[in-house]
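The following pair of complexes shares a single chain, chain A, combined with chain B in the former and chain C in the latter.
Then we have the complex of A and B:
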């Protein structure tokens, strides 16, 4: 699947809109960066707006996922709410839809069982990262500060909305 | 600006929701893909839904580009240019909608863009021929991964707004 580079453009009122360009897949970030700079130069002269940013989107194949099937009782409104603390003191929220019931601590509590292997694996991935070829990638906050602790992990339900 | 990985999860009733994770920059694309696969499997052990899509958004550095610091007073996102291009496969096309189009670039008396002007010509040249980055060719493609070959239509195309 081709990579997509999305340019965000603002007009005089600050309203933003996007234009996207699909480009050759399988290259590295430096190639897409070089393309984006050249395209931004030409785009800037073609428009009146201000180019705010460019983001390269990659859509990996899902073939590497295991057991990727929904149960009939699963519901996106039943979520696992996680909140983490970063090294800079900021908070990171992560919601997991279609929460598996086995993750819940007890039925008189809305806390998730952090000792449950599946819950523990998610927390470990968020706090200490995941090893990849050539390094370890650790999730962070919007400022790039690493997650250092889990504040809470609990069950929650979203509003289904009213039925007509 | 961190990299954003988005997992789209669908439940047994067909409704979808997203889970987003921010990652630090500085890694290459295969590393981010490897992370996404590993994290996706962790999610699947905790979720009863099905992951229907993963996207990895890597911010690009445009500091090397010459970009106006402030939008012109004439700029409006509803004033768009539409470019239509053929691709390497006959019968398949690509479309580009570009907001805040500079209207001074149309042919007088029509809504067609004057593609012989330097600015439209430069943009169309990149769409048709791609960019060579350090010896590696980066081409523009359609949604089926076919190379764009030529832009055959360029028009002013305003959208409803307000």
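Then we have the complex of A and C:
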């Protein structure tokens, strides 16, 4: 599968537009970084606009995921809302659709059961990262500061905008 | 809370230094389960036990690991 690099370009009035290029997969981040800079240079040489940023979308394969099935109880409007605190004091929000009933603490509360193994595993992945080949990948805020604590974990219902 | 933290640490040590969180969850008394997150935070703050999420052969593992 190919990866996609998207370039955002702005004109004098500040209006933005995007152009993207697909590239071969199987390389590492440094390769895509080098390509993005070189391609941006090529764009820059014949446009009047300003290249604001480049984003590389990586598409990991999920083919090996076990039990990845949408059950009859699944509903994208039933959401697990998480809010985390980072080491720099910033807040990171994460809304997870198709919440399972087992994650809920009690029927008279909107709190999620943070002790329940599946919920605890997700929280641990967010707070301590996941150990993968070559190191640990840790979720963070926009400034790169690691998540260190969970402020709340609740269930919520959000209108998806389509008839259910 | 400290008692529960000590109990968890003992379980992890008895298991050889690594124990699945699910095993701890199923072993503690039902009324103490909601105290697990705080007890584990106490252990992490004291550098005694840490949580570890890892992937082995495509399967996720969520373990408590003894430190030091």
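The working rule: the second predicted complex is superposed on the first by the 159 of 164 C-alpha atoms of A that agree within 3 Å, B and C clash if a C-alpha of one lies under 4 Å from a C-alpha of the other, contacts with A are read in each partner's own complex, and residues count from 1 in each chain.
Note that a contact is a pair of C-beta atoms (placed from the backbone, for glycine too) under 8 Å apart; a residue touches a chain by one contact, two chains touch by 3 or more.
Predicted model only: the values in this text are computed from it and were never measured.
*Asks:* Clash or fit: what happens to chain B and chain C when chain A is overlaid?
*Replies:* Result for chain B and chain C: fit.
*Asks:* Students often get this wrong, so check: with C-alpha centres, what angle lies at chain A between chain B and chain C, to the nearest 10 degrees?
*Replies:* 150
*Asks:* According to the stated criteria, A:132 is in contact with first (chain B), second (chain C), both, or neither; which is it?
*Replies:* Both chain B and chain C are touched by A:132.
*Asks:* Quick one: classify A:70 as touching chain B (first), chain C (second), both or neither.
*Replies:* Once the two structures are laid over each other on A, A:70 reaches chain B alone.
*Asks:* Have a look at where A:120 lands relative to chain B and chain C in the superposition and call it first, second, both or neither.
*Replies:* second
*Asks:* Between chain B (first) and chain C (second), which does A:162 come into contact with in this model arrangement: first, second, both, or neither?
*Replies:* A:162: touches no partner chain.
*Asks:* Between chain B and chain C, point out the one touching more chain A residues.
*Replies:* B
*Asks:* Between chain B and chain C, what minimal C-alpha to C-alpha distance in angstrom results from the superposition?
*Replies:* Checking C-alpha atoms only, chain B sits 6 Å from chain C at its nearest point.
*Asks:* Looking at chain A, which of its residues have contacts with both chain B and chain C?
*Replies:* 64, 66, 117, 121, 125, 130, 132
*Asks:* Using the touch definition up top, name the residues of chain C that touch chain A in the complex.
*Replies:* Within the complex, chain C touches chain A at residues 21-22, 25, 33-37, 50-55, 58-60, 62.
*Asks:* Write out the stretch or stretches of chain B touching chain A in their complex.
*Replies:* Residues of chain B touching chain A: 1-2, 9-13, 15-17, 19-25, 27-62, 64-77, 79, 81, 94, 96-102, 105, 118-120, 122-123, 125-127, 130-131, 133-134, 136-143, 145.
*Asks:* Looking at the complex, which residues from chain A come into contact with chain B?
*Replies:* By the definition above, chain A touches chain B via 1-2, 5, 9-13, 15-19, 21-25, 27-51, 53-60, 62, 64-77, 79-80, 92, 94-100, 103, 117-119, 121-122, 125-126, 130, 132-135, 137-142, 144, 146.
*Asks:* Which chain A residues qualify as touching chain C in the complex?
*Replies:* Per the touch definition, chain A meets chain C at residues 64, 66, 113-117, 120-121, 123-125, 127-132.
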